[in-house]
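Got some structures for you, see below.
Across the two complexes that follow, subunit A remains constant while its partner is subunit B and subsequently subunit C.
Presenting the complex of A and B:
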């Protein structure tokens, strides 16, 4: 006689009519496949944990965003935010779709060049640009977004020694009605710093002021903040036109669009709380179109959105290491991935699905990672099915920031696989091994023997 | 372990403790174990029954059994919590 599939015994006290912090069950069907590839097979082939990226989802999401803006505004250009996910294969999917590169360090700039992005299609943002890096960017005709006066003067000095004129924009911060106001990047709009910087650039006449840039925040749930920002940048552009008889070629609205992740403490699920591309596009494009630009003078609209374009395309596959019972009776499940590679679990309540069949019975569970650190908590409270050792799970919406902010801490970083448009998996980053760390270390001769 | 005598069980896994009005939900294997405990079966008898019915090895079940029985204790379903 065939035996019955085993599930560990669970018992839960019923609290009628009371809400609890674990909420109700959210998982109803296992996620056994990603783009036609069995989760179990991917883990067998590439190990656990494993990041998986769906090329199909990237391209579909990009096209959706592109359509939302291009149906509302005549000149739109996306620039892929490297810091969100700078694995080369991922960057080149975006570049193939038409995205320029938006980088925030010399390291990211080198990556964009390595990926074949023409210099004039690289936007160089960020507060840390060395003179060497700025010189290279000037020679490559890249768009340099000036963050502070020290940088402005450095570019000015470089410009006098080079044959090429730097193409620059200034980064503008402003009050858009959201808290906290991001004022650490660039020059302030309200107190006139931005206009002062513009005057310096134009009057020195050593560089070409081609754009205005802002980056008003991250995971912005209020599209109206973008409307305010677009209006203020437009006013600035029009005032430059009036004062200096100089047209601004582009307005760059930065990034910050929210993905469908659920922020910790949010009452609503991310999919209900986060605006769609159409809402952001409506806010931005309407403001630009109504700003009063004369015919033929409408600036190019550049968008550096990262998170909203890649988050849904990323999955993290993992396995159960063990189950425990905490002192207060809560279930604890330890996974083989933690905050070391899932950095975003500090901000989000990530959706986690079992990758094999399970029953409708759940337990109030804390999901821990494998680190010997108390902070390694992936989900503080979740009504989760009874999984056993070696069972597999899929964490959703992890494509943004995890593959750049992950840490080689206690454990090595896992492999990353891209599933192409024909459902074929490709290894795009190898699993790290001991040599990945040891190769960078240097042992002084007198310490070569540990003397034990 | 001995369960309280008056615990009420339904076929669908609803557990009711009339001594304090608490109610619980358990899965099919949990229900089966509670039923066996109510029949005063020993741990060894319960283990034999479960291992012959379910696809599970001895170590896994032993670990889960102890955890489950501890939970029954935490939820005050054992006879030690019974008032005379």
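Presenting the complex of A and C:
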């Protein structure tokens, strides 16, 4: 007979009346393993907390996205958004699937080069590009997406000193009918700024205008906004064709596709609220196909989607540090991970599953992180089974932005493990130790002794 | 002036070689020589040809037909017949001019008149004009045309030659060979062995097939003569035998592609010619008119009339584009059949983007039966060969549901059926079994039909003109469709339930274990993962040769450096070609959105253009990593020159020289939007031999940047210079 597990007692108000959607059962089922690897085993081996990435999920998701677009449009290219997750092993899974690299800083650019991405398959985005970095990008034949006029002038100046002609695109912002409108990056479409920048590039004839780029927002829940953006960019491309007799090689629709995470304040669960790749693809591709290009002249469609491709593949494993009861009677559980490594918990209600069996009883719980900071709240309110110290949990859909935006604050950053297609775990980033932090510090001689 | 001289020279040479349906300059020289064995005849022939060429120029006849001798070979024959029959005097020359004019007029008229019915005129103008002169000869004042005995020649040299040739008869040459040579010399109105030898030698040099055919015709005629008219008639055969020789060359070596069947046809023609010969002789003999080549001319015209009026065209095949050489005709025909036999006028493309799977092919086991056996069903599958993601219970779980459906070719929408609900998974609607359907007209009696479309997704209406690749509708599951798929078929009529026709898909790429194969004018098989080839702009632009465009290449071959320039031209038949003025070489090419290919090369094989012709014989303009293309070269490309004469002789029966071409994309900087590509191609002497030449074409900056040729351990590099 199986041993009955001990669970602390829970007092629950008795609900009477008609049936309602606030049933007593939880949405959770225990997640005891990831891609055939026992959670407990992974934690024993690599420590807690621990980020786990499923290569199988990455490849499956990528192929799904690829299929959704390639069956709707003849020329499609994905570019892996480095800022979403730039652990080299992860990047190379995407590169192996055929993805180019999309970087937004000199540091990310170096990472892409380090990973072996050929220069002409790197898209250099973002507002911060130094003259040195631009020079390198021009030499490498990379695609430079110009953000502002100052950058345009810098490239123009550089171009006259270099033998290679820069291959550039401009980033265009526009009203796609969603709020807030992102007008911070690039040149505006409606007020003619974009066309002005294009004229400057074409007429100066120091660089090749090869593409048009837009990135209309993040976690976009309405595919129709992409349809509007694609239409506007196509119109721009066709007007360039007419005015300057120049074909635009590609249209880069940026990223911003929603993952299955649930945004805070969202009534529906993310999995129900977020559109799938097919819906985004249909919106974008239909607009492009109907824009008026002849079949031979259809521009290459580049997609920089990051979040939707990696979020589901990432898991965070953690352990309960302690339980306590708050003054208002709510239960609080303190985990060994907090906003320091799970930055996205600021805007998502992450799904958290216990990693061991539990009963059907749940309690309204606040899940705190380990930081000695009031803001360190992972979930403000969750009906959670009663866990005890050292019980383990799995946080889902954490692949995007956490392994890049994590902080070495109070605690060290954990290890990252990639589970390959044969269910074999590989350590792809070591757990940080004190040296990881202190190596860069320089101690003036007179402060070497703390004198205590 | 220089141009004019060249024109006249070429027209004269053509007049001689055309007697044997050839444009071979060597043959022309040999025949000219042969005609001058009897100098009177030689001069008369040459004189009348020059006269005719001048007249043609003056009255503005088509210079192309004059230049290749097509209009003047009858004049030559007339002139020679005159020279052979009458004594040389200034009165004779006057009549000769008139005779030349007469035969030219008859030629031009017959060429246009018979040409209308696609009939040959052969030497009919010659026979008619000589008859007209002969019929007048005896009525003329006696000093105008004085008959001569061709055996008696007043020239010392020719006397000597005749004595020499008579001597040859005693050197043990077999009777039959002597008879053959006499027959050959009878073509030039002579009966001497030397002329025969010169003519036969010229024929052998110009064409092995024609030479073989001359023997075939001669032998067949001889055997039939012996059988039908007895041994006594053999003497007469020396005078009429050339009819069978000509018939064989005309039929099996000129108008028809040399083949076993055309050779058999010659054997059938021989007795008919013999019968014509005797009958015509009986008919015309009382007027003292020689028959010349009339029997064979009439029989060949009759046979060609019959062959041109066949209901089903099959072997013996008629030569469509005349190259004036049996070998060239045969090799060109074979190569064409190998390369383009299946090509259709309208190219039908796949009606979708991306990788789809043929879920039911032609004569499929579910519904593609009987009238509907030439239909195709397509779905999208994942790496596990599933067409849906789990749980697979709703339409949107199926990968292909609501994917765009495109127009397979340019056309006009003729039928639209919309408003049929999409079925739930597993259900079928047998009442409206085609579901939402589009029929598009692409040409006369060529319609395509797309069925089971998504309800309400059709974006076109009847009468809309659609372009290839235009978005028409979305994939759905209406009608007899248990799960979303596209039903695609081609048909002769615009009706929804029309029977299917077997019409190939123009080009499609088959994916097999991550490698790609381009299929042209074929039908995808069930289970194949196929995709519509997408043109790579870089390749399309690099191989887009606009008439007037100039290409210059700096060539380094290790020993010397030079520059070779090509220019793009188009000819009267709308065929584009690259022309290298320095080497007088031209390479004809053809290109669409999917393939660039060369169709032929003439000129200097040492030129860079020839190497480029070999290197870019067939280039797929759609870049798929590792995509391999193969094609067959014509026999002429083979470098094994020693075996070529043997190949020529047996070519109608067996081709053992099969040079092969293969090419593949070696490197590219990007699979989706390459800016730089290297195409590697190879030349093989035989299918499974090792490559005897390797080429690399580097494409960069939308042009052919560099061509590298590796042959016999020699490396030649040509760089494109602006």
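One rule holds for everything that comes next: the second predicted complex is superposed on the first by the 433 of 452 C-alpha atoms of A that agree within 3 Å, B and C clash if a C-alpha of one lies under 4 Å from a C-alpha of the other, contacts with A are read in each partner's own complex, and residues count from 1 in each chain.
The working rule: contacts are C-beta pairs under 8 Å (C-beta built on N, C-alpha and C of every residue); 3 or more make two chains touch, one makes a residue touch a chain.
Everything quoted here is computed from the prediction, not taken from an experiment.
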Superposed partners subunit B and subunit C on subunit A - clash or fit: fit
Touching partner for A:386 - first (subunit B), second (subunit C), both, neither: first
Inter-chain angle, subunit B to subunit C through the CA centre of subunit A, in degrees rounded to a multiple of 10: 140
Partner chain(s) touched by A:243 [first = subunit B, second = subunit C, both, neither]: neither
Which of subunit B and subunit C A:426 touches, first, second, both or neither: neither
Partner chain in contact with A:264 - subunit B first, subunit C second, else both or neither: neither
Residue contacts on subunit A - larger count, subunit B or subunit C: C
Subunit B versus subunit C as contact partner of A:164, first or second or both or neither: neither
Touching partner for A:73 - first (subunit B), second (subunit C), both, neither: second
First (subunit B), second (subunit C), both or neither touched by A:10: first
Superposed arrangement (fit on chain A Cα atoms) - minimum subunit B/subunit C Cα distance in Å: 35
Subunit B - residues contacting subunit A, complex: 13, 15, 22-30, 33, 52-56, 60-61, 64-65, 67-68, 70-72, 74-75
For the subunit A and subunit B complex, residues of the former touching the latter: 3-14, 16, 323, 325, 329, 359, 361, 386, 388-389
Residue ranges of subunit A touching subunit C (in the complex, touch as defined): 63-64, 67, 70-77, 98, 100, 118, 120-121, 141, 247, 249-250, 278, 282, 285-286, 289-290, 294-296, 300
Subunit A-facing residues of subunit C, complex: 352-356, 380, 382-383, 389, 396, 399-400, 402-404, 467-471, 532, 534-535, 537, 540, 593, 669-673, 675
